[in-house]
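Can you keep this structure in mind? I'll have questions shortly.
In this document, chain identifiers A, B, C and D correspond to the written order of the chains, with residue numbering beginning at 1 in each.
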Amino acid sequence: MKPKIQTFDLLKLASGDQLSLQVYQFIGKKSDKKVYIQSNLHGSEIVGNAVIAQLIDFFSGLKPEQLDGEVWLVPICNPIGTNQRNHFFATGRYNSYDGKDWNRIFWDYEKNCQDLEGFVKAHFKLDSLSIQESFLKQQKKAFTKQLDKIQGSSSAPLYEQYRYQLQSLSIDANYVIDLHSSSNQGIDYLFCFPGKQEESAKYFNIDYGISMNTYDGDAFDESFMKPWLALEKKFKELGRDINVDRESWTLELGSGMQMNPQSVAVGVSGIKNYLVKKNVLKLPNYSPQITEIKLVSRQQIKSYYAPTGGMVQNRMSLKHTVKAGDKLYQIISFNKQGKLPEIIDIYAENDGFIFDVSTSYSVNQGEYILALLSLE
Amino acid sequence: MKPKIQTFDLLKLASGDQLSLQVYQFIGKKSDKKVYIQSNLHGSEIVGNAVIAQLIDFFSGLKPEQLDGEVWLVPICNPIGTNQRNHFFATGRYNSYDGKDWNRIFWDYEKNCQDLEGFVKAHFKLDSLSIQESFLKQQKKAFTKQLDKIQGSSSAPLYEQYRYQLQSLSIDANYVIDLHSSSNQGIDYLFCFPGKQEESAKYFNIDYGISMNTYDGDAFDESFMKPWLALEKKFKELGRDINVDRESWTLELGSGMQMNPQSVAVGVSGIKNYLVKKNVLKLPNYSPQITEIKLVSRQQIKSYYAPTGGMVQNRMSLKHTVKAGDKLYQIISFNKQGKLPEIIDIYAENDGFIFDVSTSYSVNQGEYILALLSLE
Amino acid sequence: MKPKIQTFDLLKLASGDQLSLQVYQFIGKKSDKKVYIQSNLHGSEIVGNAVIAQLIDFFSGLKPEQLDGEVWLVPICNPIGTNQRNHFFATGRYNSYDGKDWNRIFWDYEKNCQDLEGFVKAHFKLDSLSIQESFLKQQKKAFTKQLDKIQGSSSAPLYEQYRYQLQSLSIDANYVIDLHSSSNQGIDYLFCFPGKQEESAKYFNIDYGISMNTYDGDAFDESFMKPWLALEKKFKELGRDINVDRESWTLELGSGMQMNPQSVAVGVSGIKNYLVKKNVLKLPNYSPQITEIKLVSRQQIKSYYAPTGGMVQNRMSLKHTVKAGDKLYQIISFNKQGKLPEIIDIYAENDGFIFDVSTSYSVNQGEYILALLSLE
Amino acid sequence: MKPKIQTFDLLKLASGDQLSLQVYQFIGKKSDKKVYIQSNLHGSEIVGNAVIAQLIDFFSGLKPEQLDGEVWLVPICNPIGTNQRNHFFATGRYNSYDGKDWNRIFWDYEKNCQDLEGFVKAHFKLDSLSIQESFLKQQKKAFTKQLDKIQGSSSAPLYEQYRYQLQSLSIDANYVIDLHSSSNQGIDYLFCFPGKQEESAKYFNIDYGISMNTYDGDAFDESFMKPWLALEKKFKELGRDINVDRESWTLELGSGMQMNPQSVAVGVSGIKNYLVKKNVLKLPNYSPQITEIKLVSRQQIKSYYAPTGGMVQNRMSLKHTVKAGDKLYQIISFNKQGKLPEIIDIYAENDGFIFDVSTSYSVNQGEYILALLSLE
């Protein structure tokens, strides 16, 4: 099966050169469902590009009969972020023009939907598919209004023009997977939405997940999922349990500026397994595997910041288990007051394991050092 | 009158060098009221440093009898932002470490106050001063809890450590003035809070003001004022009109990376005039002057962004009056498709005048070009 | 006359997007001479883009008979530099990846030519045109060897790949014009090579010129001209005066991030006038005008740097004439030692006029403030 | 033995805060020789700070009798570079203000010495120590002239003010050790000057060294050593072999933004061993160890750059041995022309081993990927 490859103009640079988005679409025999997978929204988080490259290979080897639905793949979905450099480093987590985090800019219909209750009441008796179709139509209508602004004389800031292009590709998907990694050095885990989606989390071959009891605001996964969650909730409030066939995932696959082969393998196998479970992908003699994923809340992850400036040494390594009171790391703190350098010991506040560590061992006061996942 | 000068440790750098805050305190004979003035929160917005330098001179020439209260002056209140450079430019609007806008990080008691109604009911019959004292006490108690986190083993991110130091100095003020400018090229104007404060806005010798019907979130002026506004509002809801003697101002004095002498003069004279009006400052043979300030809403300011990449030419200049349909500027848009460069004309959507213009005439698509203030 | 427009692949970005160079070629009836004009080599120096846009218009209106030779125009000749941003500013004077100044990277045949004396002896009796042709051929052969390296497995660093593309377009030109401006705020002037070229400098409608008695090293103008100057010199040493019809110019047209209309007009009219003088351009009823240009040495330009950190005020403005001992500017120097801010006066060391000033009035110690041109 | 600790003002920031240098001086019973050791000249190369912290501990435990001479230690010798951040990364290899590489800015007396032959003739018959003393005196005199410029009204650019402070501390040393690392990921090695110094290279416990047959220009080690080498050479030309007791070293200890404990241990033990060999340090029951260091030329290190943009995978790891023709790495090259991503294989041009690798696996065309040391 060959993909349909489409290229979209994204942004014209001051130089007259054009940045584009390119989508690889694998379209199965039946195509009622749409899976949307993107990578590299944050500049240094490149691992998903290898995952998608391998998925393109994999799907190319399938027969159309093996796919019930469409799979859209968008590697390097944020060229500005991907190409940004300061010294040898990929610093495109935020746009160096305005400081905006590329994953806190998306259009969230939940915030724009004016009369959700009216919608629910008007569609209360329809079947679930028709409700979703109708809600999507309404969502798209509101979404498209952004275009009036963009095409107007005063146009719109870069991030609004960008998100419009990217969300145009994903807004009507059933399953959205956004491939990230730590900007520093991290383990593999995923973000999932609390509720029914937690059941599906078991199919990604990943050991840890964060169940999002709170939101960062305007993240890609949130902006896709929040309107659908609100719809479900409103129906429930009014007395009906509908089944919305939408899921949104952020996979965090290892470390920044790297494509660790093991993390790539986890991403590829997890996505295949998930798609088999979702009946989108049909593989002979394969039944989806379940991984006992440990779901935690954001509050169980505690970030440690430098209490003073200096150089970090003897830091416990990634995945290391610690007890409250264990020494986590030291800072060699220099001074300019004529004193000897000081070694400061920092201790764990909780039991847990090292979830993420900074790439840099040099810290100004208040810079990030590590994150500890508490398992109680 | 000599100021009391206090220096506070702010942040230790990786190198062992220390950044500090220095406060110049002029303490009058009576000292029941506190005025707090700071400058250069955003790196390129330096104009307020000259204003404060002149105010230090001015207050030094006064007798203690001429001051009813205390004036605290904090120039270059954000050394990290002030010192940040990329090429020859002062890029410290946001921290190059985490992309955070330095004026969207502050602790806002309104968001942390758990039982405002309880407070109001418990203090309903007290006099206004006692209410304020009590509310401030409660606010400080909540504020100080941040210190537990900062001093704990996991400490706190740079911006939380920073804001704690800065807000410690200002939290108990009556009048807060935060001196900013455009990061680009702008006129003099101010931000004020809707309601009673609008009356005081007339005393700053400034022609335009934005009345904040909506909030940016966690800005310095907001974080100071919102709890007091909430207190007033809750009292009103419960049937009593109290007079909270607190005001918060952001003055925007001209252009970034500059200290335009006229804008400096506006700042200095406006602050003096305001303090006379507030009975903090007593000047012989001087009665406060009123400027008929035009207060507008944020929505009346329309920013124009580049609809495509290229070079801006023939842009209307700052303060120029325009009619809807007038040509505002042109983009010379180059290309890499073998075509001639194109000249694109951009027209005004509304009547108004040019309120702010970008420093750079080179634009990637979506970059900022100008802002138009519509006066209807 | 329509230009031939050619587009060349320049560089593939990590995202898979391509940056390109586009050349506008106006080819006259006779085409023995080649004029090469480029702009925006440094990211913030955009003024030449407007000059070239106007030249494209102008040449398009000519008949082929009016051009004796070819004119190649390359606007935005460095897309990486042009598109680079830190905050709102065009910081692409150097590449943020490696810190390399984009105008100190070029391949200079003078440094690579192994046996110039051998060449001169072997060609001693030929006519001047044949000598140039032969020397160019030899230069191109050495130049092209870079391609072996670039196409080899280890390839070459970005700047070597970039310069190869750009110099490929210009190496065989007769007259090279590189359009720059100050990165800060400056007057219009030009750089010219000492010797015969000084005569031609009068035709650019520009009042000031720097005659390059010393070299910066590997600048674009130098890398073009130095081999030809070395050739002339070697012939002279061996007793023959040959006339090498090559000239290389850098025009500095005003301020950075701007396209001042007056500077654009100077650039356009100066280039036309120069091309008429060079018999490349034929305009009815037009005879080339002479401007009495003041040629100075680099040593006559004295840059002033901040002796301490602080805020600059009362700086003399661009073009202002000063006497040695005049006050040039002040620094408000703040401190963190509990002292009042200090005003430091800085005086001129020589008579002269203000040639260039920094865009930013905020300075860390050692940052640039202004340049004074001494006219004795 | 307690160190004498001296703090020197280095640079005043725009904010009024001060950056300083702090020197730890261990002064032995005899003090005719001076050893100067610094670290962190490049912002991300922090490993030497841990080395110096351990040396401070070590020397503090000695008796003055155990030191014949003085040891000056300057950790974090470049605060501007150390503190610079872009996103989470230490990007201070070059100054973000002017793009200057912090290790290509130093004052080199060899370039400023006007009449070396005159000096040699005038001192031809003196003993070696007197010659050195006299040459140092002359060198210092020339060096100090920079101060006239710095203290003049026009002052001097940041890098000249900085280098003056730093070189003031080291100019009169006998042995200079500058502690660096890769900015990326590298092995431990050292730079040494060809000639007699190669013998001493064996005492650093390091397996590889680069013998500098060519210079980068104005590096710290070069600027210290080149005048002394020139002096020796001129004496030799004129017929006398003098013994100049000066050596200059750059140790490269592992990877950037890290302080790898093994590299720290190599640095500490190597420096001790070297100082014992030089009779500066006296340790009971310790005789200096010899490591058979492999000295190579710069030309034996071949850097590989990305022939196109994309993502690097399957790269051979650090220290891996390769044969010419072996696959070194792959690039997944994406495109925006509607094609499938391409996997490009890159092969080794020579036998050798992987000497250094980039931290980032995302590359724009022309960015650095790895360096191969060829051992033939």
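What we mean here is this: a contact is a pair of C-beta atoms (placed from the backbone, for glycine too) under 8 Å apart; a residue touches a chain by one contact, two chains touch by 3 or more.
Since we're looking at a predicted model, the values are computed, not measured.
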How many links in the shortest chain of touching chains run from chain B to chain D? 1
Between the options A-B, A-D or A-C, which interface matches B-D on more than half of its contact pairs by residue number? A-C
The chain pair with the larger count of contacting C-beta pairs, comparing B-C against A-C, is B-C
Using Cα averages as centroids, what's the distance between chain B and chain C in whole Å? 42
Rounded Å distance between chain C and chain D, as computed from the means of their C-alpha atoms: 35
Give, as an integer number of Å, the spacing between the C-alpha centres of chain C and chain A. 46
Residues of chain D that touch two or more other chains sit at 13-18, 20, 22, 76, 82-83, 85-88, 93-94, 96-99, 311, 334-336, 341, 362, 364, 367-368
Help me check something: in the complex, which residues belonging to chain B touch chain C? 3, 5-7, 20-22, 24, 43-44, 46, 49-50, 53, 56, 60, 75-76, 82-83, 85-91, 93-94, 96, 183-184, 257-259, 261, 311-313, 332, 334-341, 343, 358-362, 364, 367-368
Could you list, by residue number, the parts of chain B that touch chain D in their complex? 13-20, 22, 76, 79, 82-83, 85-88, 96-99
Over in the complex, which chain D residues touch chain C? Could you list them? 11-18, 93-95, 97-101, 150-162, 302-311, 328, 333-336, 341, 346-349, 362-368, 372
